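Right, one structure below, let's go through it.
Residue numbering begins at 1 within each chain, and the chains themselves are lettered A, B and C in the order written.
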Amino acid sequence: MGDILNIVLKRLGLGLVTLLVISIIIFGAVELLPGDIAQAVLGQGATEENLAALREQLGLNRAAPIRYFEWLGNAVTGDFGRSLVSQTPVSEAIFTRFGNTLFLALYAAIIAVPVAIFLGVLVALYRNTVFDRVANVVTLTSISSPEFFLGYVLILFLAVKGGYFPAIAKIDDGMSLVDKLDRTFLPALTMVLVVVAHMMRMTRASIINLLASPYVEMARLKGVPAWKVIVKHTLPNAWAPVINVVALNLAYLVTGVVLVEVVFVYPGIGQLLVDAVTKRDFPVVQACCLIFAATFILLNLAADVGSILTNPRLRHPK
Amino acid sequence: MSQDKSVLLKIKDLRIEGYSDEHWIEIVHGIDLTLHRGEVMGLIGESGAGKSTIGLAAMGFTRDGCRISKGSSIEFDGMELTTTPASDLQSLRGARIAYVAQSAAASFNPAHKIIDQHTEAPIQYRIQKRLESQEDAMELYERLRLPNPREIGFRYPHQVSGGQLQRAMTAMAMACRPDLIIFDEPTTALDVTTQIEVLSAIRDIVDQFNTAAIYITHDLAVVAQMANVIKVLLKGDEVEEADTRTMLENPKDDYTKSLWAVRDFKRDQKPRPVDTVPLVSVKNVDAAYGDTPVLHDVSFDIFAGMTVAVVGESGSGKSTAARCITGLLPPTSGEILFNGEALPPDYRDRTKDQLRQAQMIYQMADTALNPKVKISEIIGRPAQFYSGLKGPALKNRVDELLDLIELEPAQYYHRYPPELSGGQKQRIGIARTLAAEPAFIICDEVTSALDQLVAEGILRLLDKLQKELNLSYMFITHDLATVRSIADEVVVMQYGKVVEQGPKDVMFKPPHHAYTDLLLSSVPEMDPDWLTTLLEERGVDNIGEAAKLK
Amino acid sequence: MNYFIIGFYALLIGASSLAAYYQKRTPFVLLFSLTLVSFVMGIVGGESMLWAVTLLAGMIAFSAGVSYSFREFLVLILPRDLAKEMRTAPLTAGFGLFVIFTYAISGIFAPIIAPFGEAEVISSAFAPADENMLLGADQLGRDMFSRIIYGARNTVGLALLATILAFAMGATAGLYAATKGGKLDQLLGRIVDVIMSIPSLIFSLLLLSIFGTNTATLIIVIAIIYAPRVFRLARSVGGNVVVMDYIEAAKLRGEGTWYLIRKEILPNSSAPLIAEFGLEFCFVFLLVAGLSFLGLGIQPPTADWGSMVRENATLISFGEITPLIPAGAIALLTVAVNFVVDWMLYRSSGLKE
């Protein structure tokens, strides 16, 4: 077991380093601004005194590396500084919104993951039949459509014309869970459509890949019934690819949510990011980017560790 | 061999079609086959003969993209398999007909312990309970002479060596005591010394349980040890069938005779020239891949116009030695001399002329030729690169080279490698090395991927070229038959060291170094009694792997 | 129960029975499942739902017909070896090629096809369709149809440029790294890993917030974000080729890196790279559309599908489909490209076996 622990620890270390490098990129990108933040905030017409005052207030007079470590140190403790626009602490706005985003992603994931894996195994079993081909066309179409297209189609038919669900997903803390689920059904469904298609295709591909392996042929030649070939001989080896598929799509759910939030006016972190980018509110942009990147890396990390842990060759070293 | 001589398997007019390019094409053209209880039939043929397809069809199974044509009949113990419903076929497999695949490493599921895969079928068919079946497995492991029979089954497939896995798979096939086992090239992927163990184990257990078997292989000498009856196949057609001794002594068909005759090619041995510097000299070379040392103090010489065969099993370091000579893997110590001058260790530091002098022919002609480049350019490029030939002069040179390798220039000039057969590709590979006008050519297992007849043609061509162009060859091979036919000197390697070296006639006559002896005696011979005699000589505890370590 | 409903079910059931009678498995399964689906839809949604099903089936049949005739047309006009490939292409690929062809025509000849200029105000805001304006007017009273046509040129053109740039950078670096190996390869690999662990939409938002949104910046930013993906693919495709013996033979001959890439590696990597180009284009195109939709992409008054969706989004709440037209245009093109890529990938994987 020492081996596997080593590999996992190495992978975790690598993830941490990546995160660190990314924080440098996020911080450094803002340093690349023509002029500096103060110039960008106040515009060309600003007087020297005003600029100097703002620089003093933002601490821009100190060297970039010092400010970076300060920023990083604060960020680790949840303090992302003050918004340039509203002057309120960034973390205040971010944390509730990030919770909302996670809620939406989780909602979509709970529906999407079982459905996608089930359907993926099904099309893999019935590969090259009509069912498989229709599924191929439908999933390709779903993947290819921009989220706002799917979103507006759903709004048009299920909200405006059908009136089954609300078109705008406004939620607040006071609402009951059922209300929340109802309000956010359409954005969740939009994401489910994209993610299910993706996961289904990837599950299908990895299962078919395994079904072609000699040990599956051997099992069939041993007289093992078809369902048992899948359950006993394919699935234990399919965990690694399936875990990867799921993690990749969860990562997508968290980060691809930006467009969906805008379509449904959902108070998530994606909307906040878009607003901040438009208003050039850099502390907010940096904070949002860091949170998104961290989530993304974390999920990829989970996928890698998952596939390491389920690999029989690593679990049972020579 | 057996008392009960009733017919077990009767195949009549078996035709199988494969799907390619939107069409069904017949790949097996009406094969008849009768197998009695307890009988072992050898199916022999070159690649594309349809041996495996027929073997699987005997289980009522076809791979994806194949189908059994209407009108074919496969009768197993009175049951017509072509019309049997799938569920009944499935309950036949494993229980009454079992299968042993070529690659045991790929055919065991990496996620389960060996013994759990063994007991799967007996439990499935309710023949035995888990514990009984495990007990039985251990007994079979013991009979198959696996080390630690009570413990080895509880390991995972990747924790066990290839030869052992192959025996474990044979045990697995035996689990339900089937009437028939299909062996699909079970020893092809193994080294000769390991092959012996597996062969003898398979033969004994088939004998003990009086199981009928179909033994598929391309190696005549192997099939001679295993089968009572041999059927020769060619491109999906039967050539002839006879019992083993008759077939070996008196083959009727020309094709069969040519197969038997392949190993007759032999050429005279040349003596080492005196008072000259060796063309290539490997001096005390050590080499490593990363931190893993692979070569230890390897030294040998190759003189102009001679053929030196470097022999050894997989992992012996023979290919690594070649990589050191070409400069792909700079040695960690020691040096390579060419005409008495030290070559830079890394090929990137060598001059164009140094690179030109030493050329290489590869084992897999498929990967050695760029599929997207015309033959004329493949052969022309070295001539252009080293000699600066252009236009008509270049074309003439390419024509000349195609003539040399006995391919019609006009016909091959504009073609691409995928359009050629394996032997033709290998010839193009030879022409490419000749285009550089080298003094020295490394031949890395050049014939082992080819069918025997084609391989012989390549050996003859290489011999002819050597005489005409005074070339020196370093011949890397694991096949001692090849060594017998063309080598002047032999270098035997084991575990990265040179075990023994010398002129061929000396090397092939006793006394040998123990490992050379083991290697030489492990090469199957065409004599059906060879394996029996050998095992008697060696004693049961001293075969293969065990002997290697002594 | 009216004649439409009776006719609808009679036709479906009759057709499936016919298919069953002639033992046509595929059509039977299709028709019969359509019948079952219609039962459910009919019960839930009533007659209007059945009309929708009919309409949808008609549309699918129509596009199948168009794809079929376009494929046959290509078979006739293409040179022999390409025609042979086309003959075995699935209908979806024919459909994809047809759509791509149509978009290319409208993009290239936009000024000739479009009745009005892309920024020309010709009527009141949100005016309904009439004989002058095929699709009505947008929020400023510009002709929707003309703007859709111009959008083909602007949106697709920008995405295409960015993809080409990303490819030029990524593929060159990837093949070079595969050929050279060693430290440089590892270094590039690490850099790419880091860039790829920032989600692309988020990364582009970050960069655009800093460098502003003009067309040139947009193209460069997107190319920089997508080049690593191309690098990774080119590196792995090239890596598979580099281990071949013919590369070793060429290296031992003393050939230079550039020769190896151009003559030995590129010809053997082109098929997957072309397929990847299609996929990458889809990603880039969706990203451009997404950014424009967020108001951070192509800036007004240039006609662009993403921003058109956003500008007309309010119409959705009145049950108008206007904003769906540019969104649909985006979806249609990505679907088309994906269909073609799917076919190409299937072909290249099929050849290997």
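Throughout what follows, a contact is a pair of C-beta atoms (placed from the backbone, for glycine too) under 8 Å apart; a residue touches a chain by one contact, two chains touch by 3 or more.
All values reported here derive from a predicted model rather than from experimental measurement.
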Two chains joined by the most C-beta pairs in contact, as defined above: A-C
Per Cα centroids, the chain farthest from chain C: B
Mean-CA-position distance for chain B and chain A (Å): 50
Whole-Å gap separating chain A and chain C, where each centre is the average of the chain's CA atoms: 23
Whole-Å separation of chain centres (CA-atom averages), chain B against chain C: 48
Residues of chain A touching chain C in the complex: 18, 21-22, 25-26, 29-30, 32-33, 129-131, 134, 136-137, 140-141, 143-149, 152-153, 155-156, 160-161, 167, 251, 255-256, 258-259, 262-263, 273-274, 276-278, 280, 282, 285-286, 288-289, 292-293, 296-297, 300
Interface residues, chain C side, partner chain A - complex: 25-26, 29-30, 92, 193-194, 197-199, 201-203, 205-211, 282, 286, 289-290, 293-296, 309, 313, 316-319, 321, 323-324, 327-328, 330-331, 334-335, 337-339, 342
Complex contact set, residues of chain C against chain B: 88, 244-246, 248-249, 251-255, 263-264, 267-268
Residue ranges of chain A in contact with chain B within the complex: 213-215, 217-225, 232-233, 236-237, 312-313, 316, 318
Chain C contact footprint on chain B (complex, rising order): 22, 326-328, 347, 350, 352, 355, 359-360, 362, 364, 367-373, 381-382, 385-386, 432, 436
